[in-house]
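As written, the chains take the letters A, B and C, and residue 1 is the first residue of each chain.
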């Protein structure tokens, strides 16, 4: 049953945080000895750079001390372990690839020499070109990743099947019975607690399926057939309208049932596996874990499961299942006309997506403009806050500025006050009949009120401006801490090299900040895409644009972003849940694509296991 | 001893140091080894006369820069504080209750505050009570949940950990409002909306609180693993490690989590408005006060809103300023960790 | 109090990264054993396997004759000092030291008289008992004044002492130390090293000490275990590893500055041997020659090893003089470290005691001068140029395993794991 194995590749993480991927480092075997080989570009270029093999276990290897041999052109390999088989073919393949990579490296070095001679603008152009040239490669990598995922999935399923068959074939009789009666094997081995749990679970599942699960599943394909029937009541001598199916409930409980089925399948698999392990242990003459051990492990080696159980249950029930429900709603015609109760809703396929994404249709114009504004808004909201906040922090941090604490405290205080109070007040401050207009008229600066919230362009500028007002204190707080972490000697050394204040900012402060706060910037961009509060409380998405038409009784406006649009559609007079779901999914797509791109471009900086 | 001596003499060396020194021959240095030359670079680019910037001039520019910064910061403080003074002033206005074109009241008084508590429409006490209860319960349970999840994900490498984290990441990318309608329907089945909305909201807050594990996890990641190991060698169970070692070390992040949990209900008006569904009794302060500003109410209740805002802002601000240190630790850590 | 025995211990991380293997070692009662090697050689991993902090992939670890593979750290009756001390920052020194004692539950046998059943009742240590043990340990370590402070208020040396004290109070069978001195500065390290030697006399128990510093290993250990890439290279007393390194790696690792190794040719003329190096033929006489003869070593190309301190300066008239050019002269006070280049460009280091030279000679030793070095046959080490093994050393099992992995055994092991894989997955 030996699988043919591809060459063993390993991933190696370098101490400095960069990762050498599968292709660059490999574990190969030759003449019974395994070697960990390192391709040219992943070699240590500085002294004492350490690599960590297999980052989970914190096994660190100092590369300087390891090499036992050299490849013809100087690449290093080192002996790691002896092993069974000869794999000269693997070695040949490695050498071929090695040579290829060596050539690649030489080419890159040439390029690097060219690049170093370019001036600033040429470099910018060069980088831009490189960026766009890399795009196809990302896609290839992405598809490869997807392909690998499915391949692994297939392999996993096959492995499981083989394992099940073997367990049945070689297992003890109690294990075989456990295929039918869950927990039987555990009982047979004296693990009454586990056995009981398994048995209870099986009982509960079967009962649920018989009593209601099967019913929901059978209707899941159509989401109900009959909404209401008229029943003649003999006693009262009238016909009563009786509700039969409820699409909403069918969809919800259908999902739940499917979820239960998966959970049950997993439990069943677990049950078989445990019986197998028990068999193994008994066969090797050791004792299986008793119920007492199980109880002890709840607070000891299984403590993480104890900790996770309740929160994860909450997340599954109140976040994951509802989201799956709403995703499925996007493929139905669920709205105020088809409420699932008086009028059933049903599957409509991709119709909803068609109506919003088909070029030129009424809705797609609105969607396009709102999406554009959402991205513009998120971009400006993020970066204006970021740079201005950093600027303020630097002003306060500057040597020679007194009462630093005072300035900070005043700004921080504004974070504490609940946003809805300050934003609602500011919104009214700039209303047509608000304080600002009134003062301006009184001072004869203007004759008629400025329409801060009812003029499209002005409203956009206003929400951005007020957002800066909201965001600066927050960014000031974050950046202050990081700015103070920049080592002073960087500035001192640059001073000796002759840099002035601005050059110090551009060459030291900014790169450092961008590096450290890169992930934060992405996060804040995403949270600005979903920044409901500022838009809704200030302009409520207005001024309305009737030319875009209404969805769900809600007319979107100039400052409407996707999330407020979604909210308006959900809560409007003619609530249109299916479109709301579609928009929700589209927001997800936008956010996830952005994150993917950013994570691909960003140099892989700190990882969670970097520490210790 | 003698044996040694003889063998040493054969190999040309002697215990007698003078003799040893006499044996040592040092030939004069190789001429190739001496090299130092004036570099062309230094002649052309370094040792040339150039004007020198004076420190005095720098000092003057520095003083000007500082003055400019003081001015900018002062203006900022005014701009940032203006709205809050505005709210406070307008809350003391007695002559009218609607929007007016000025900030300073013509007639000062506590009318609006009195009205806040006596007017049956505003129902402020109920809102405040609702929010306080939500804040207290949520902060406790949410903290427990978040710390549990972050600890488990930070300290243990179990099967399915990556899957769990990816799951939370992916589902976290969906906008939260998406599920409003479903949650409302579900909760109204269990009679947890309308008047009981606060309880429904507590359930929602708590149930999804595990998703916000990032910051606490980032903190736990920075605690050295050898502490755990030392405790294990000392005989502690995982639970004892959590409660006796890690939690006491995590005071800042625990307080931060509690603070966040407590403050969230005070600002949440979307969920609160939706779940209460026009039932005055079920509002929290945010939903309630926002309701006072709807078009039909604003003319009668604008100043009442201001008074309510002041009453809400004061305790929250005090609490926040007291625990500011922990808040800063939390957000900075979160931003750097990402 | 306790013996520790490791049999065929193996550690594999993930699927195929092997950290330790073929580890066989018996540690006698009250022995002080030191694991030494470059970082990543598996020494810490081995220690952590003994402690129970890492799973053992294969093989057995026995403490006092009892296999402890499946036992939790707390049940192995061991104490450990960590590299970064791992003091609980929120607890005082006293509480840090008392932590383990407070968690300790002492079983007491209780017999129910009516039924005759025996049950165990677990009881805590009394506060008095804890106080007594902690203060006793603190007394020995001289930290009695610090008991109420917290770790962050202590200096590096004091923290080190607390860490040792925390391990001491448990009075364990085995005392494990994972690079305990590496976080201290050089001066303090020397001082603590001496204190550990003293301490060892007070708490007589089995010590296992991990370090990457060969000086620590030489000064502390009864026996030293030198490791590289997961294999034991040599086990022996400090004298043994210094005088008879099993292979080139050990030779270069032990001793500072490291041993000079140069390619050379060993020539046998009947019963006599000589070494050709840098165009000079040095006769091999005395013990070394006899040993070579005993082993029946033939003429071959070798790697010749000579420690810097065993080289001497001489003049050009000496028939065995090797001419060199001085590159760098490191004046250490009592001695000079001369970095020289031989005629063919091979770098060598020569350590010369200052007293052997006149003041004028010392001052004339500047870069570029030509000097002559030589060495005696009794300080030569011969290593096979292919195998890198010491030609004179008794080939121990470990050294064999390190250089020539036993094909059959590992094959079997590989098969074994492959066949079990489906079941253990």
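Basically, a contact is a pair of C-beta atoms (placed from the backbone, for glycine too) under 8 Å apart; a residue touches a chain by one contact, two chains touch by 3 or more.
What you see is a predicted model; the values in this text were computed from it and never measured.
Of all chain pairs, the one linked by the largest number of contacting C-beta pairs is A-B. In this assembly, the chain whose C-alpha centre lies farthest from chain A is C.
If you average the CA atoms of chain B and of chain C, the two centres end up 46 Å from each other. Chain A and chain B have Cα centroids separated by 20 Å. Within chain B, the positions touching two or more other chains are listed as 224, 226, 240.
Residues of chain A in contact with at least two other chains: 56.
By the touch criterion stated above, chain B contacts chain C in their complex at residues 7-8, 11-13, 17-18, 20-21, 23-30, 32-34, 224, 226-227, 229-236, 240, 245, 248-249.
Those residues of chain B that touch chain A in the complex are listed here as 62, 65-66, 69-70, 72-73, 76-77, 79-81, 83-84, 86-87, 99-103, 145-146, 148-149, 151-152, 155-158, 164, 167-168, 170-171, 173-183, 185-186, 203-204, 206-211, 221-222, 224-226, 237-240, 242, 263, 266-267, 269-270, 274, 285-286, 289-290, 293, 298, 302, 305-306, 309, 312-313, 316-317, 319-321, 324, 328, 331-332, 334-338.
Residue ranges of chain A in contact with chain B, taken from their complex: 56, 248, 252, 296, 299-301, 303-308, 310-312, 314-315, 317-320, 322-323, 325-326, 392, 395-396, 398, 400-401, 407, 409-422, 424-426, 428-429, 431, 433-435, 437-439, 441-442, 469, 473-474, 477-478, 481-482, 516-520, 522-523, 526, 530, 532-533, 536-537, 562-563, 566-567, 570-571, 575, 577, 580-581, 584-585, 587-588, 591-592, 595, 608, 611-612. Looking at the complex, you find that chain C touches chain B at residues 51-53, 72-74, 78-80, 82-84, 86-90, 99-100, 103-104, 166, 170, 286, 312-316, 318, 320-321, 325, 355-358, 361, 364-372, 374-376, 378.
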